[in-house]
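Read through the structures below before going on.
Paired with chain B in one complex and with chain C in the other, chain A is shared by the two complexes that follow.
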Partner chain A sequence: MAQSAHDRRRINGPEESFPPIFDDDDEDITLNTQRSRAPGDIRPIFLQPGLISQANGSAYIETEKTKIACAVYGPRQSKTTTYSEKGRLNVEVKFTPFSCTRRRAPMRDAEDRSIGVAIHQAIVSSIRLELFPKSTIDVFITIIENDGIEGCIASGSLAASTALADAGIEMLGLVASCSAAIVGDEIQLDPSEAEARASTGSVILACMPALDSITSIWQSGQMSADMALKVILLQLNTRCIDIHSIVAQSLLEHRKSN
Partner chain B sequence: MSSSSATNPSTADETLRAQIFQRLHPRVYLERFIAEKIRPDGRTFDEWRNVSVNVGSISTADGSALVRMGDTTIVCGVKAEIAEPELDRPDLGYLVPNIDLPAICSPKFKPGPPAEEAQVLSDRLNEALVASGVLSLSSLCIHPGKAVWTLYVDCTCINYDGNAFDAALLAMLGALRNTTLPKATYDEETGRTTCSRKTRSPLQLTRNFASTSFGVLDTSHVLSDPTAFEEPLMDVTLTVIVDDRGELISTTESGGAISEETLLRCINRAKERVLQLKD
Partner chain C sequence: MASISKAEKAYIQSSLLSEPPLRADGRGLIDFRTIALESGIAPLANGSARVSIGRNAQDGGGGTEVLAAAKLEVETVSDGEGVDGGRVVCSVSCSPTAYPLLSPNALDDLQHDMTSVLNATLSHPTIRPKNLGILPGRKSWLLNLDVIVFSDAGNIFDAIFMAARAALWDTKVPRTKSVQYRAKKGDRSDATQAMDMDVDETAHVGSALDTRQSIQVSDFELPDYWDEGEPLDGKQAWPVCVSLNLLPTLHFLDATLQEEASVPLKLLVFYSFPSDATPLLRGMRLLGTGVSDLVQTKSLLKDGEKYARNVWVALEGKLKDEDLRRNQKARERFLNR
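Right after this comes the complex of A and B.
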């Protein structure tokens, strides 16, 4: 039920409106969960740095149905007056109203903030914040089309890391991120929304392959500890190394063409 | 060898000095270009930036369009929902346009609720769509008095390089043209509306129009399609919306006085532009 509060700053529609109910809704769900790729295959990544001319650094990432744009502004002056020895990293995520199957209100809610926290966790250890006292690095992420929250967090971290590199901010390494869903005994990499809904648990791994270190593990759902470790160490880690080379490649190509 | 290394640092030096000058004295910087009859990005006063429109790329939206006008990038998506109509207008649907200028698109926008510029743009876009009558609201009726379509047309700016209004209007029209609505049937007994996933029909749009914006500097120089650098330096901004049959839909002017001759000249340029954009 779309509860739209009367927002004085926007053009408002009717007080209450409902997404359309389709007569064949029950049949459609079962069709969607059949995966068209192999369990170990991730969706092809299209990554383009330097798309937003107004920002210090930017990146646009597209993986089949997930489209995310990211811009980095900074280092710029901190708004607060308290002195901070290390720089601050501020990650803000915004969904466009048409990005999900049900229209989202333009207001930021808890889901936006939790994705922001996840991406912050993934990239903060890779930036040399001690070089920017009293400054803030702002990372703004806009999710244009959403196909699964795990995919959003993974792609968002990739876009953020690429944008930071594009901005020329000093980092210890590029962050590569990948997600996996566990369905029974099977591990499916890079789940779409339908696949994630049908799974019992999911893991999102963010790491710096260049330094062979992990920056963030986000696990939710039911799985045994052995299963989780197996997923992370065997499959996700190796995938992240592949993804890292994709990111490096796109950054090099972008630099060469400029 | 030595001569090329001697010239390289000095050209890099010059570009740096020019950039610093642009930051510290923007108006003088622009006036120096105007005196040479050219603009900082190399265009003549009358030249438009390249426009590219890409429709239907977002599968979660019922209709979508991505417009790039030079560097200004705007994404627009249409979502259709079902609502009860107003009591005094039982057979009219709703068309709700909105534009959002988030912090991602420019350093001058802070994160948070819509700033003044976004609110003004939303309002102007709403007026333009209503005044033009581009979509007949009675065509959105499913069952009079019980169920009507509500079209939420949301634009998000990804990169703000001036002239967001033109790009946003183009994006909204592109998205509306791309929108298809499922066939809806209202069940009188249960009071529920169910839609068919299989049959979708496009919207009936009545006109095809576009807007053109101009900035006037020192009452005599009319620059069309200003960039984000030129926009705040303009004395007067003028926007003309014309449809493809040459009929004037609206003119908006703010900032100061302009001569009638300038206004007529701009209207004529807008008419040419609409025909240009049709392809």
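Right after this comes the complex of A and C.
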């Protein structure tokens, strides 16, 4: 009874379904892990603020195969009755069902929450929450196409920070975020999904370059204690400074054109 | 987690920043509370351990208490999420008695956050143990590591990872033997046999030009039902966690709930120390509403490695003691009864 239709709002397909297997699948896999750019290059970022008109602030970010839309509503009254002296930041992430190679169920998933927590950690220290008591700022992130979790978290943090700036919410600085993966002895910045899966470790760094401060570090996998990590942090830090200028520029252009 | 007033927060911060630093229980900045560990506490699990930090000496209550148990199940590699060579899946569940003031939704969220930290570190492909495969390409072991938090008095992540490491150290993987079924041929005397995986098939009945697919190994069995098995591989790989609570000018370890609530930023570092190689950083997380910077992060990593090494050495000593207690000494006691 409970097994037949998990989702009563939609017409469910067969319970077990598998993606089709194509003859030339093997070749594709080997091609993907070969990088077409230098290890220190990140994929070009397209960032457009002001995408969703009904939200207080919004942004759309696209880097090759990662497409994320972000909308910010707030500051608005907190639904909860408990008094909070500082404002609350609520980050909700949703994957669209067509964002990954295997269809994701539209229901909220465990992975959604961990990405939401990571993005929350990246941006919460940049917002002046003490100016909004009893209020909530809602950040809704929709991942339209997904090319690796590291890319999603990094691009999602960028989109969220841009959307918050677009909404006119007071912040201490813009948050720039970048990821890196270690493949063998090489450090590759901004890995795609195939590269991240082939790597032995990955780092996602979120920082505020304007204040020279780090808001979030997420490292997983194995690395020789500080050697590789220090290099990554230095490389990521310099990359984040470049990304910061991209974000600032796109916000300025958007304001000028309005 | 504990809600704390601004006055109390300021009180704790100023006493930590004073010269010399003062903590409510008189500890130094890098002193841990008493840690108690016992392994093999869940006889039905393949490996288990219980860790408590800061237990009262008088009545054995209070403090952070965590239980970890590893259970193996067989899964098929071809469909679903099975991986050739086996995999590890971790989960943390928080007992409502540990967090009586949290709503069920908030408890779920907390549980989920702890699970994702544990999973991201211990289920990573680079740390996967080597003896979790059964039939290559077909069947493998799925190791479910379940951690239960019974009570939280601060420093929960250190306790969770210590318990996880101890449970995985204690885990024994049952030995399997692959089985091949052969149809009865004319002059062959025996039908179904069990044979070792790497022994080649002897004279093939029929001509050498026979291109039919040779019969594959199709199933496995446990040669000895009562044998617990061989120890899980990778004892040197499972990391320990050190939570460094950060104030702008100093850091301290093993915080109580009130101290955790007074500190804006926390850094979790996960280190493993293989016996012959350089220490490996297996994970790092910055948690909280504060900010750090490059210089502080670098020095914290160095300090974190030092603290982690102390925890590692102490934990390993205790785990070896536990092994002795449960095996050798138990046998001696039995013989001398």
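What we mean here is this: the second predicted complex is superposed on the first by the 242 of 258 C-alpha atoms of A that agree within 3 Å, B and C clash if a C-alpha of one lies under 4 Å from a C-alpha of the other, contacts with A are read in each partner's own complex, and residues count from 1 in each chain.
Here is the rule we go by: contacts are C-beta pairs under 8 Å (C-beta built on N, C-alpha and C of every residue); 3 or more make two chains touch, one makes a residue touch a chain.
These numbers come from a predicted model, not from an experiment.
Aligning the two structures on chain A places chain B and chain C side by side, free of any clash. When the shared chain is aligned, chain C comes close enough to touch A:Met208, but chain B does not. In the superposition on chain A, A:Ala225 makes contact with chain C only, not with chain B. Looking at the superposition, the partner that touches the larger set of chain A residues, chain B or chain C, turns out to be B. Once the two complexes are overlaid on the shared chain, A:Ser114 sits against chain C while remaining clear of chain B.
Contacts of A:Asn237 after superposition: chain C is touched, whereas chain B is not reached. By the document's definition of touching, neither partner reaches A:Val93: not chain B, not chain C. Once the two complexes are overlaid on the shared chain, A:Ile123 sits clear of chain B and of chain C alike. In the overlay built on the shared chain, the residue A:Ile217 is in contact with chain C alone; chain B does not reach it.
Chain B and chain C, viewed from the C-alpha centre of chain A in the overlaid structures, lie at an angle of 120 degrees when rounded to the nearest 10.
Minimum Cα separation between chain B and chain C in the superposed model: 12 Å. Touching of chain A by both chain B and chain C, each in its own complex, is seen for residues 18. Interface residues of chain B facing chain A in the complex, by the touch rule stated above, are 57-61, 64, 71, 73, 75, 77-86, 94, 96-98, 100, 102-107, 111, 113-114, 118-119, 122-123, 126, 150, 152, 154, 156, 158-161, 182, 184, 192-198, 228. Residues 2, 9-14, 16-24, 28, 51-55, 65, 67, 69-71, 73, 76, 92, 94, 96-101, 103, 106, 138, 140-142, 144-146 of chain A touch chain B in their complex.
Residue ranges of chain A in contact with chain C, taken from their complex: 18, 110, 113-114, 117, 121, 124-125, 200-201, 203, 208, 211-226, 229-230, 233-234, 237. Within the complex, the chain C residues that touch chain A are 79, 109, 112-113, 115-116, 120-121, 124, 126-127, 271-272, 278-294, 297-298, 301-302, 305.
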